[in-house]
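Labels for the chains are A, B, C and D, by order of writing; each one numbers its residues from 1.
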Amino acid sequence: MKTVKQLKITKGMPISKLLAEMREAGVMGSGRLGRASKILKEMVQDKDCTVFMGVAGALVPGGMRQILVDMLRNKYVDCLVTTGATLTHDLVEALGYHHYQGSAHVSDEELHKQGMDRMWDSYMPNNVYEKLEDFFEKNFAEFQKCATVKEFLWKIGSLITDKNSILRAAYEEKIPLFSPGIADSGIGLMVWGRIEKGKKLPIGIFDDISEIIKMSWDSKKSGIIYLGGGMPKNFIQQALQVAKPAVYGVQITTDMPQWGGSSGAELREGISWGKMEPKGNFIDVYCDATIALPLLFASLLEEA
Amino acid sequence: MKTVKQLKITKGMPISKLLAEMREAGVMGSGRLGRASKILKEMVQDKDCTVFMGVAGALVPGGMRQILVDMLRNKYVDCLVTTGATLTHDLVEALGYHHYQGSAHVSDEELHKQGMDRMWDSYMPNNVYEKLEDFFEKNFAEFQKCATVKEFLWKIGSLITDKNSILRAAYEEKIPLFSPGIADSGIGLMVWGRIEKGKKLPIGIFDDISEIIKMSWDSKKSGIIYLGGGMPKNFIQQALQVAKPAVYGVQITTDMPQWGGSSGAELREGISWGKMEPKGNFIDVYCDATIALPLLFASLLEEA
Amino acid sequence: MKTVKQLKITKGMPISKLLAEMREAGVMGSGRLGRASKILKEMVQDKDCTVFMGVAGALVPGGMRQILVDMLRNKYVDCLVTTGATLTHDLVEALGYHHYQGSAHVSDEELHKQGMDRMWDSYMPNNVYEKLEDFFEKNFAEFQKCATVKEFLWKIGSLITDKNSILRAAYEEKIPLFSPGIADSGIGLMVWGRIEKGKKLPIGIFDDISEIIKMSWDSKKSGIIYLGGGMPKNFIQQALQVAKPAVYGVQITTDMPQWGGSSGAELREGISWGKMEPKGNFIDVYCDATIALPLLFASLLEEA
Amino acid sequence: MKTVKQLKITKGMPISKLLAEMREAGVMGSGRLGRASKILKEMVQDKDCTVFMGVAGALVPGGMRQILVDMLRNKYVDCLVTTGATLTHDLVEALGYHHYQGSAHVSDEELHKQGMDRMWDSYMPNNVYEKLEDFFEKNFAEFQKCATVKEFLWKIGSLITDKNSILRAAYEEKIPLFSPGIADSGIGLMVWGRIEKGKKLPIGIFDDISEIIKMSWDSKKSGIIYLGGGMPKNFIQQALQVAKPAVYGVQITTDMPQWGGSSGAELREGISWGKMEPKGNFIDVYCDATIALPLLFASLLEEA
């Protein structure tokens, strides 16, 4: 058995060194984060590994948009699955709006009058829907050429100019981007607005499954990164189940396995389903992703 | 200000009385559950109120299937939104399989060999996919007649005989059932299996939004019940946002607002978005839904 | 393996029956609560079993005072360990004050001006310190006769008249009451006030350990009930460690084992320490105690 | 209102710079951690501020011992309050033992046979009690000279040679160290062992309150750092309540305010009690302390 080496911080210590020391130090939060850093490096550097990343939660209002973009630009990720909300937040920023630092200890009625939509302690101005409407109205004919959600999302990416956009980066880097619940988002509402006016956007709800499963089938190895749970995690997990169990895995979550849901399930649970390889290398980190992700990414940058 | 009345339990106290006492007692867990019971009763008894229920998490493996069915049968709910997983678990039981009481302290590798898929401390036998395959193979032509997810789910309901099925009950009671992330589930995989063989199921991913929004528009009042968060909650919330803010609301969750995501957001946050009515009557209960739901339902039954 | 029997609620179902059905239904929250109910009944009815109960958290402001008193009066518990805060809240009520139903969405500065001390969404009026001061000033000579915390707490109990007080009930029923962190509470502050004026209260900090360990040694069997964690749980656990591992155990907690602390540790962890019997019968329930406790107690009453 | 500046990570970015960027980025986890870093720096650099630190949870098994020692050595902290468990873990390491990296997915019965005491996924060998016994047996006469817990703990510190010990560092740096629940720990058990043999250690349970309150009274300003909650946090809070509200505050916790207990209470709640200054500068960070503390300390070192 390995002893817990008490963590020694030195002035100016690089982040990658800090995470390496955390790995030696313990097995609770810091030890798990340290292990995650090592697994992530191996996963990203393993040329035979196809990396699937699932992203849920308010990461763009939480300031993580640029890091997600840089991960795509650096080709750390081969496939991204995320929620409609994250893509809406990304598009909103691409159209020139911002999210704001706010507070949860406010009158929501007052905020409503001011046109501010609250997400815990960050705000999004409600007028974002104006440019969103314009964007969808103007480009709808382009969207109607798309057969799958992936094509639709790449199309959006192709139509925006902001280089620091997740949608744009996925499009430019040709990284498949899936969002099986895209209807459940501001983007979904924009499409609905056109449908209400008699237009059609007949993208099949089941038609992206084949592509993500094929990616897993065609890979030599699969690795997974989960920031939060929800549908992004589960959509990747089910592709692995029918294709190929993952050999690398890093999960960052604030949910807990004790509730029985997929979001909080430990990665090892996936072994029973054939989604994770019993001899694989994976770790669950119980931490706010807006804290863990910057550290893991900074460490990757130093060591890549 | 009201004093906290220390809760007095008497032998044989009915559940509705217990919840009424909890309401007087405090404002933490028990006080919130007590309030939820009252709001739920008012919501269900208000003939002008359209009740939207969002259900996420492993509620069928957790033993809540019959209660959900009874809520539909009793017309306590006018619209149900749930995950593909819940509908798959329901269908699996309708086809004659069961979930099992297990343990989380096991070897997942061993479980995998035994063909048991684990969800925290409950198991599903992996052979459920056999009858699922048969069911979808046999009925696929019927499914191809469906234009929306709602129609597809009602069609499934029409093809099964188990009266104690959520899918069946929604179909028979003509309660709209939505599942915007249906692709992300065992049901999604079954459709994929047919698509891989060259069949088509061109159900539009955006085509249910209109119907749920119309339900909210057409209602005199809206009320919401959330068991867990995820897409079911958010899909209802966005319908309210563009249609009519809810005046009644009960949320049962184990997630927390502090992470910033939609799942854990307090209902009052919805006021800022126009999803909840500032003068509405709503409460967040921080509790495992498999504990809170039986109590709330038992109380409703006694008082209805 | 046992199947998950889907929970069926019938109108007017007694609480004990509900818990029995929960036990059959699942293994997540409801199944665990159902098991807890059974273990609790066995523990309480086993005449050879000495029951140790640890209570932490804001249970009196949360309305649980009467239930705790009734558990003492019914001799369900043979030893109580709790925090100084709980005993202060109990004493405050015994002196005629109340806690109030409030809100967490307030200005704490405003509350401070109004003389209201907030505990999440309940309040305690700051003027409780007036009668507390009088009580300690008047009775201090009596307290100076006490050699241990247990004697001191029984003495307080003997000096108050409120039958519905935890302190009073423990005193009258001769149930040992320990509070190893009593200095950390309003009661501690009252003692400090006298010490500042030159009085002495030389109660030894280590002098109660012997008595609780002896209780475990002298018992034929030990059983434990934990409402929350903190010092009450750990003080009982360490007595078991040096005396006799518990054979029955029910833990109600909102903390999680993943953080590594004692409060959230699963009961089975105690097996490694010799605090819990490997063949013992115990369960962890992840639930707000103000929800779980009324149910468990109501069920006990029906079945006793 | 300030916009959320999307966090940009650059290769080799110092940790203090990362935290400064986090501060600009958001208000969820990373934004809060960023703010904590700034408040901590101001608190530590403010020569008029007396810094009280409360430490709970398994921080030594989690590898944080050296950081805590370095914080004492660097005089970042003027008063330390911690649990008996943390001091026992510290003493165990000072006597030459180690904690070990383990796993929670084990047989606790097997661990018990191997003499390993588990704390989630770290272990402590049960034979630590041998040298602990020797240490207390040998030095008990020295301990009997102590009148308060603080004196007792400094005495322990004076009798060990390990420079990297919390107890030793507090003693050498003359930093008051309080542990109001010291009886509830391995150290408590060692004292009990001597008391069982007829020796006395009449340290008064109420006798440290005066000293910590005096420290707050005598300070020009108070600042607080809480790693976890429990008694350490509360013991400091009650000193502030009767003396001087804190103007700086950083709380790192995995507990939540929604349960109503002191451990999870937001710092702003303290304003209602007069424990925190309404115009003070404080932040709650919801994060495992073994992740947040190394970052905050590393940043302090860079900026000091």
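Here is the rule we go by: contacts are C-beta pairs under 8 Å (C-beta built on N, C-alpha and C of every residue); 3 or more make two chains touch, one makes a residue touch a chain.
What you are looking at is a predicted structure, and each value in this text was computed from that prediction instead of being measured.
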Chain pair with more C-beta contacts, A-B versus B-D: A-B
Chain whose average C-alpha position is farthest from chain C's own: A
Copies chain C and chain D touch via same or different residues, half shared test: same
Angular offset of chain B relative to chain C [C-alpha, multiple of 5 degrees]: 180
Equivalent of A-C within the choices A-D, B-D or B-C, defined by over half of its residue contact pairs recurring: B-D
Centre-of-Cα separation between chain C and chain B, whole angstrom: 35
Between chain B and chain A, distance of the C-alpha-averaged centres to the nearest whole Å: 25
Computed distance of Cα centres, chain D from chain B, in Å: 43
Sites on chain D at which at least two other chains make contact: 28-29, 58, 61-62, 105, 120-123, 256, 258-260, 268, 286, 288, 290
Parts of chain D lying in touch with chain C, wherever the complex brings them together: 56-58, 61-62, 85, 104, 108-109, 111-112, 116-123, 126, 149, 180-186, 188-189, 191-192, 195-196, 201-210, 213, 228, 230-231, 234-235, 238, 241-242, 254-263, 265, 268-274, 278, 288, 290
Chain D residues touching chain B - in the complex, by the definition given at the top: 28-29, 105, 256, 258-260, 286
Complex contacts: residues of chain B adjacent to chain C: 1-15, 18, 22, 24-31, 33, 58, 60-67, 70, 93, 98-103, 105, 120-123, 164, 268, 286-292, 294-295, 297-298, 301-302
